[in-house]
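Here chain A shows up in two complexes: once beside chain B, once beside chain C.
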Partner chain A sequence: MPNQSGSLYGLTILSPIIDDESATPSHDLQIREYLANLPTDCKGPFALAPYTHLTRLAVMDDVIYVGMPSSEEHLKFKYLIWEANFDGDLDRYLVALAKTVPDQINAIWSHCVGYPGTANLDKFLTYMKSCQLETTFYFAAVNDKSLTQTLTALQTQRAVADFIAKHRGTPAPELQREFLKFSARLKAMPTPLPAAVSHPRGIKTGGRNE
Partner chain B sequence: MSNINGKVYAMNVVTPMKPWKTWFLRLIFFLLGAIKSKQQDLINLSFIEFARWVIVPRKSFPRPDERMDAEELRYDYLLFFSNFNGTWNQYIDAFSAVLFQGLNLIWMWSEKFPGSVPVTPFKEYISRVQFDTDYYYTAYPHATANDLKAAHIVQASFDQLDATTATCTPREFEAAYLKFMLQVQSHLGETGEPPVVF
Partner chain C sequence: MSKLNVTDIQGFTLRGYNLPFARYLFLHFAEDPKHTRALLHELLGRITTGQCWDNGKPSSTLNIALSHRGLAALKLPAATLLTFPVEFQEGMKARSEILGDTGINAPKNWDEMWHSGHVHAWVAINGQTPADIDACHAELTDLIEKTGGARELGHQDAAAIVVDGGASTIEHFGYTDGFGNPDYVGVDRKSQPGHGKLAKDGKSWEPLATGELLLGYADEAGELPVAPMPHLLASNGTFMVYRKLKQNVAAFRAYIDHEAKFYTGGKAKLEAKFIGRWKDGTPLELSPNYENQAIVKDPDQSTNFTYSGDPEGTRCPMGAHLRRVNPRDSFGFKGGLVNRRRITRRGLPYGRYVPDGQPVSDTEDRGIVFMVLNASISRQFEFVQQQWIEYGNDNHLGNDKDPLLGNHGGHGKFAIQGDATAANPPMICSKLPNFVELKGGEYFFLPSITALGMLAMDLVDPR
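This part shows the complex of A and B:
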C-alpha cells in the first residue's frame, strides 16, 4: 500500500480553505497566523498526542506557473496541506489527535470548507478521509521502529556513550556489576518526551591528536 | 514560515504535468516501489528522514463539500515533500550529483523541467516551484537520519549484552563487552543543537 512504509504511515491531506471575501483577515491568513504561534516543542499538539514522528502544515496559495510554453492556470481555492509521518493505523491516529488536542485541530481546520469539528468522531474521520490523497511513492529511512522505540534508543545511545567513557580501564568483575546497575537504571527511566531538548554531553576534547 | 526545525528541513514542491504523461510516472514509481535495489541510492544518501511524491490528477482535488466548485485544470500536479538533514544547497547539490538519473526519470514529465544536471538551472527550477511550510514539527529535532540509525544499532547491541550479563562469568562478560564496544563505537556520535549555517 503506497501510504505505508513498514510500520509507518504517510498521510497527505489537502483541505480547501474557505474563500469568503467578507472575512477579515482572510481564512488562509488566519490559519497562517495561528500556525506561526503554535508550539513546535513538547507542548505542541503533535507532541501531546501520540504517534507522530514528523509532520508539517502548509498553505498552498495556488499552483505554480513555470513559464512559456506551458499554460498558466489557477486554483479556485487555497489549500491547507497536511503531511504526517506516524506509527500504524490512520483511524487510530486521527482519533487520538481528535481526543487529545481537539482545540488545536479545530482552530486550524475550522477555516476549511465542510469541516465538521472533532466532537462527532465519525464525521471528523469521514471529512479527513475525503481530503486524503493517496501517496504515490513513500520513503522512510527507518521504517520498522515506533516513535517510543526511537526516543528510547536515542536515550540509550547517550547513556551508553557516558557509561563507556566513565568506565574505561575498569576491571571486568567491577565492570560487570556496574553494567548491571546501569542497565537497571536505564530500563527504569521513563521514555523521553517527544520534541524534548537534549542537553550537550560535555565531551572533553583536546587530546594529542585533536 | 518555518521550513527548518532543529536538524530537519521541510521542502514542498509542486510541478504541473500533462495528464497523459502521468501514467508513465506512475509506472516508474510502481517499479521503484517493487524493485527495492532501485531505492539504494536514496538510502545511501542517508540524510533523508522521510520523502514522498503524490500525483494529484487534475479532476481529483479534494471536495469535502459537494456544493463547492470543482477545480478546472488542464494539468495534473506532482507534489513532493521531503524531510532532510542539512541545508537546501547541500540537498540539491547531493541530489544532482548522486541521484541525477532517478530525478530526471521522475521530473522529466513535469513542464519545463531542465534536468538535474547542470545544477544551476536545476536549482532555479526548484526555487520557482517550491513553497514554504507554515508549521513544522519533529519528535526528535536534534537527531539526523544517521543518528536514528545509529541509536537503533546501539539499542540492539545493548539489549544483546544485557540479556547475558547477569548469568555470565566476569571473563565471559569481558569478551562480550569488548564485542559490544566494537559494535557500537562508531555509533555514539552526539546529538544536539544543529550548527549555525550562513
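This part shows the complex of A and C:
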C-alpha cells in the first residue's frame, strides 16, 4: 500500500478552503496567518499530540499556468495541504489529534468547506478520509522505528557518548559501577519531548531562511 | 552536448592550474563605472581561459570574479541585478547564521578587509614563481592606475607547501589534499574512477551534468540552474565561494597527541579516522590498517571507492571529513541523493608551514584559501556546509559536526566507529575545539569571457 512505508504512514490531505467573498480577511489568509504563528517547538500541536515524525501544512492557491504548450487550468477551490509521517494506523492518529489538540485542529480546518469539527469523532474521521489522497512514491528515511523509539535512541546515543568521553581511562571495577548507575539512570529518564531542542544549534535552518 | 566552448570559459572554472603560487587580490571599484569598465576592457584579453596549454603552463594566470556589490557598482540594470540568486545578492556575511558561521567564526572576527563590505571583485593570479606573481600584480596595478577603475583593498598570498625541496599537495595539518574534484559532461580533464557520480550499476562512474558547474546548461535534475538575465550574461559562468580558513595547527596537534593516549589503534590511525584518509592520502575505505602509496599513486584506485560495504563506518567513520562532504553512496540509492550537492574545490595553503614535531603557535596565521565553484551556492555549497559539515543527522550522528571543519566552540564530539579488535577500537572524542576558524570571505560571480566583455562594454541588457 503506497500510504505505508514499513511502520510509518504517509498521509496527504487536501481540504478545500471556504470561498466567501464577504469574509475579510479571506479564509485562506486566515489559515496562512494561523499557520505562520504556530509554534514549531515542543509546544506545537503536532508535538503535543503523539505519533508525528514529520508534518507540513501549506495553502495551495491555484495551479500556475507556465505558458505554451501547457493548457491553462484552474482549481475550483483553494486547498489546505496537509502532509504527515506518523506511526501506524490512520484512525488512531486522527483520533489522537482530535482528542489532544482539538482547538488547534479546529482553528485550522474551520476555514475549510464542510469541516464538521472534532467533537463528533466519526464525522471528523469521515471528513478527513474523504479529503485524503493516496500517497505515491512515499519515502521515509527511517521506517522501522516509532517516534518514541527514535527520540529515546537519540537520547541514548548522546548519553552513552557523554558517558564514554567522561569515563575514559577509568579502572574497570569503577567503570562497571559507574556504568550500572548510568544505565539505571538512563532507563529511568523520561522520553524526550518531540521537537524539544536538546542542544542549542548555532545555526538557522528551515522556515524563512531563503 | 559534445564539447564546451573553452575559450569562452575562465580557466579557473574548468581546472585547477596546479601552479605552486597564488595571490588573491580584492578590489573596490571606482565611483564612476566608466573607469571600471575601462579596467575590465584592459583585462579582457589577459584573462586565462579554459583553452589547452599546448606549449606548457604559462608563467602566470589571471582570473576575475565579481561580488553582487561589484555588479551593482558597475551600475548594471536593476532588472539584471535582481535576477541573481538571493544568496548571492545577500553575500556570505549576511548568510552567516545559515552557514553556522557564528561564535568565533562570526563576521565580527573576520580580517579587517571584510568588515566594510566593500569587496567588489576578486582577482586571482596563479604563478610558477613569486616573481611571476609580482610581475603580473605590477601589471595589474599599472592598469588600475591607468584606468582609475578600482583600488586594491588588500591581497592574500598562498603557496603550495614545500616538502623535500618541491611543491607538495599537503596542507598544514599534514594531510595530502586535492584528490577528487567532480567530472562534468563536456569538461575535458584527466578523469579517474570516483571523480564523477556513481552510474546506475552502483560501481562505475560517469560525469555529472554540466549544469552542476556551469550556468546555462542542464543540471542533474534536467533543469537550468537559477541564473541572472540575460542568458548571455550567465551562460558559461559560475558562482564562487571564497573562504579564508585559518588552521589552528597547535591546537590540532595537541588534541591528537592527547587523544592518541586513549586510542589503541595508534596516533596515525586516529589522524586518518578524522579525515577518512591516511596522511599520505590512502583512503581508509581501501586500506583501513596502513598507508599504501601504491593506492595513492594509482588513479584507478585513489578515488575509486564507495561506502556501501562499510555501512557502520568501522573502516571510514560516518563522521569523517571525507565521508561527510562527499558521502558517495552512504545514503543508499547508489549515490543518487548526493549528485545535486557536489562542489568543485580550488585553493592553496597560506602561511608558514611547520613540520610535525617542531614548535608551533596558533597566534601565527596559517591555513588554507578555500574556494568552491558551483552553479547554485544555496543548493550545493550552503547545503554541504549547513547539513553535512555543521550537522550530523544525515549520517545518523545527531548534532555532531565535521570533526576537522566544524564550528565546535570547545563542545564538539566525534564518534569513531570501530570493532572488537585492539587495532580498530571505537572511540568518542569530545570537547573538540575549533581546529579551523573562518577569517573572511564572500560570494562571487565568475563570468564567461563574453559576459566580462558585456560588463566592460556596458552591453548588459535584460530586455
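Everything that follows uses one rule, which is that the second predicted complex is superposed on the first by the 199 of 210 C-alpha atoms of A that agree within 3 Å, B and C clash if a C-alpha of one lies under 4 Å from a C-alpha of the other, contacts with A are read in each partner's own complex, and residues count from 1 in each chain.
The rule is short, and it goes like this: a residue touches a chain if its C-beta (ideal position, glycine included) is under 8 Å from a C-beta of that chain, and two chains touch if they have at least 3 such contacts.
Just so it is clear, the structure is predicted and the values come from calculations on it, not from any experiment.
Q: Just chain B (first), just chain C (second), both, or neither: which does A:Leu180 touch?
A: first
Q: Mind working out whether A:Arg168 is in touch with chain B, chain C, both or neither, as first, second, both or neither?
A: Only chain C is touched by A:Arg168; chain B is not.
Q: Where does A:Gln157 make contact in the superposed view: on chain B (first), on chain C (second), on both, or on neither?
A: It touches chain B and chain C both.
Q: May I ask you to decide whether A:Pro190 touches chain B, chain C, both, or neither, giving the answer as first, second, both or neither?
A: neither
Q: Between chain B (first) and chain C (second), which, if any, makes contact with A:Pro25: first, second, both or neither?
A: A:Pro25 contacts neither chain B nor chain C.
Q: I'd like to know which partner A:Asp61 touches here: chain B for first, chain C for second, both or neither.
A: first
Q: Of chain B and chain C, which one contacts the greater number of residues in chain A?
A: Partner touching more chain A residues in the overlay: B.
Q: Identify the overlap between the chain B-contacting and the chain C-contacting residues of chain A.
A: Shared contact residues on chain A: 154, 157-158, 161, 164, 198-199, 201, 203.
Q: Sort out for me which residues of chain A touch chain C in the complex.
A: That would be residues 154, 157-158, 161-162, 164-166, 168-169, 198-199, 201-205, 209-210 of chain A.
Q: Which of the residues in chain B end up touching chain A in this complex?
A: Interface residues on the chain B side: 1-2, 5, 8, 10, 12, 14-16, 25-26, 29, 32-33, 39, 42-43, 46, 48-56, 60-65, 68-69, 71-75, 77, 79, 81, 83, 110-112, 125, 128-129, 131-143, 145, 147-152, 154-155, 158, 161-162, 165-166, 168, 170-171, 173-174, 177, 181, 184, 187-188, 190-193.
Q: Across the complex, what residues on chain C touch chain A?
A: 86-87, 97-100, 102-103, 262, 378, 386, 390-391, 398-399, 407, 409, 413, 415, 428-431
Q: What does chain A use to touch chain B in their complex?
A: That would be residues 2, 8, 10, 12-16, 31-32, 35-36, 38, 40, 44, 46-47, 52-61, 63-64, 66-67, 70-71, 73, 75-77, 79, 81, 83, 85, 112-115, 127, 130-142, 145, 147, 149-154, 156-158, 160-161, 164, 172-173, 175-176, 179-180, 183, 194-195, 197-201, 203 of chain A.
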